[in-house]
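Have a look at the structure that comes next, please.
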Amino acid sequence: MSSISEILQKIRSKSPLVHNITNYVVMNNTANALLAVGASPVMAHAKEEVEDIVAISSSLVINMGTLSDKWVESMLMAAAQAKATNTPFVFDPVGVGASAYRMEVAQKIIETAIPNVIRGNASEIMALAKLTNSTKGVDSTIDTQDAIEGASLLAKQLNNTVVISGAIDYIITADTISKIENGSPLMAKITGMGCTATAMVGACLGVEENTHLAAVTAMVIMGVAGDMANEKSAGPGSFQMNFYDSLYELSPEVLAVKVKTNA
Amino acid sequence: MSSISEILQKIRSKSPLVHNITNYVVMNNTANALLAVGASPVMAHAKEEVEDIVAISSSLVINMGTLSDKWVESMLMAAAQAKATNTPFVFDPVGVGASAYRMEVAQKIIETAIPNVIRGNASEIMALAKLTNSTKGVDSTIDTQDAIEGASLLAKQLNNTVVISGAIDYIITADTISKIENGSPLMAKITGMGCTATAMVGACLGVEENTHLAAVTAMVIMGVAGDMANEKSAGPGSFQMNFYDSLYELSPEVLAVKVKTNA
Amino acid sequence: MSSISEILQKIRSKSPLVHNITNYVVMNNTANALLAVGASPVMAHAKEEVEDIVAISSSLVINMGTLSDKWVESMLMAAAQAKATNTPFVFDPVGVGASAYRMEVAQKIIETAIPNVIRGNASEIMALAKLTNSTKGVDSTIDTQDAIEGASLLAKQLNNTVVISGAIDYIITADTISKIENGSPLMAKITGMGCTATAMVGACLGVEENTHLAAVTAMVIMGVAGDMANEKSAGPGSFQMNFYDSLYELSPEVLAVKVKTNA
């Protein structure tokens, strides 16, 4: 696990600038999680500046949790700029099966620039793999296990890394399936933990070229910080607070000891 | 109080999908409160998708805390769709007397679809009842008692349920006035507790057809969770955290014991 | 220090209405901080109502953390209305220097109405003083000390008060430099602490005509509450919670005892 620990150390020492075009609900959470782990967040969505911001950033995070036409326009510009500047790009297709609009936007984004990593819950990844069209809001309604096949197809088709997060997290490429079994059930009782995981992938992509390893590391950081917070928390409110504290105090050594993965 | 407890149990077992078109300030709070109590929040405001999202949701929450023209357009579309699909609808006229624009928007929304429940503070309900035009921001400046008459007139005119929240909460229909005396003074020292109460009405409307009972239950849940959080908190920061924990741990039995109401 | 304590007392007794046109990331934080200290926040950004809201407010806060064209239009309308109505106005040029667009918007705002106070970090103030063009996202990358000269030039040019916040806060006018040495390193590990400081300047401007004294008081309130929170916190999550509790419990007496300033 030395490489996972090394990536955490690099985030702390390099403080990569992570450009987030994300949803209104979680902006504060994801900025705080990025700061707590040692990265440097910037949120910017105006078409007048997204290209400039992508150009100075270490990675780009696009999350379509709360969409509207102007934001979609900027997301597409930012994705194109990430491709042009070879900036690592992670995409979170929040609620993608919940409306025709979300399906259309997700497709446009992927057509503009293939994300290095896509992270979603089981139903979002299934929807993206066009294996299903039903999503219950932004929460997952199908068995994670069922989505692995869809994710593998998607990863082969796009030649990238696909993450399915849930009680067990799966990090999937064309020919590998990594499992991470850290984390707390309370993570499903707080909004934006999935979005935070995506932002964490952005932080790791900002310092690590191997996208599979970056995605594994992000999910390990989330899971181990979740384990640590879980021990101290009475419910979702205290969990949220302890999660930031855990991200902040998380040492590369603790990460290496606590990780439960086959990666 | 068995019916109030039963509604909480139904939220936990059915996890109703609550569609929120709400303000930027409180999106995170209300999503977390809905998750903590057992409901499933979705935030979506694009005109391209609000009709789709209303159609799959158990209830609709419209909150006009931070307005702009595109959002108003979507609010009206969502309200019309709620009417067309018979989806229960709760409206929060945040700051309605603070500007001519807010008054105009509130009127348009109510003309498009009469909300099953309207929840506001005393000055907002008064403004809506056209009995007053002065509002100090989004906080209440007039005596709650004075607003009860306005709320009764409004409830008669619209044939719906009107909630005035404050130190004492009033749930008012054409011919009934219910009072709830739970809650903490710290709730006025945190942004979005009123908005959270409105979202909680949405959760209850998602599982209970009797709108008066749904509104009473929502305010009881808020008040009892507020009581529980108050006992553990040193100020508004710790109160906010403990409030989510309390919503999460709140049992139907505790609810039945702790409620202070004439309903 | 009696005047600083008196300003805090006035905030508590008068509860000034502070109109914020601010960014999506920090709206919740700044509203909560204003409530905790005793002020009354209102967030409104629609061009249809910003003039009405400025007219009833005690002060105006413009923060350009997350820009877009419609918001800029409203910011300019609000700034013009603040000038017309003699409403005190504080400006936070978040990330100015990170894109050409932000530089352009900052200049337009200042040309529309000279802010009574400008608050930024060292690199933002430097960018504004046109002494530098490099900004790393919204965090500061140059030495605070280096920015003091730029701030002094800016304050002379605009005949206003310029605040550089950082480990040490500097409150600078054409002929004075005040230093405040309170605060916690954890404040840099939470998003929006700078934005909260700007909102706090808004609260103080709402009750105090002397803009230099208002700005000093705001930074003292932030710093002392930061000191108090620091003693109780294990990391940024618990710090954020304790910070609100500290703002709430902060007494004028404690403020006078704990302040570390040359002002």
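Labels for the chains are A, B and C, by order of writing; each one numbers its residues from 1.
The rule is short, and it goes like this: contacts are C-beta pairs under 8 Å (C-beta built on N, C-alpha and C of every residue); 3 or more make two chains touch, one makes a residue touch a chain.
Because the structure is predicted, anything quoted here is derived from the model rather than measured.
Undergrad: Same or different for chain B and chain C, when you check if over half of the residue numbers at their contact belong to both copies?
TA: Copies use mostly different positions to touch.
Undergrad: Rounded to the nearest 5 degrees, how far is chain A rotated relative to chain B when their C-alpha atoms are superposed?
TA: Rotation angle, to the nearest 5: 120 degrees.
Undergrad: Counting in whole Å, what is the centre-to-centre distance of chain B and chain C, each centre being its mean C-alpha position?
TA: 32
Undergrad: For chain A, what residues touch not just one other chain but two or more?
TA: In chain A, residues 24, 28, 240-241 touch at least two other chains, as defined above.
Undergrad: Using the touch definition from the top, list the residues of chain C that touch chain A in their complex.
TA: Per the touch definition, chain C meets chain A at residues 23-26, 28-29, 65-69, 95, 98-102, 136-139, 188-192, 233-238, 240-241.
Undergrad: Quick check: in the complex, which residue numbers of chain C touch chain B?
TA: Where chain C meets chain B, its residues are 17, 24, 27-28, 31-32, 35-36, 40-46, 48-49, 52-53, 56-57, 70, 240-249.
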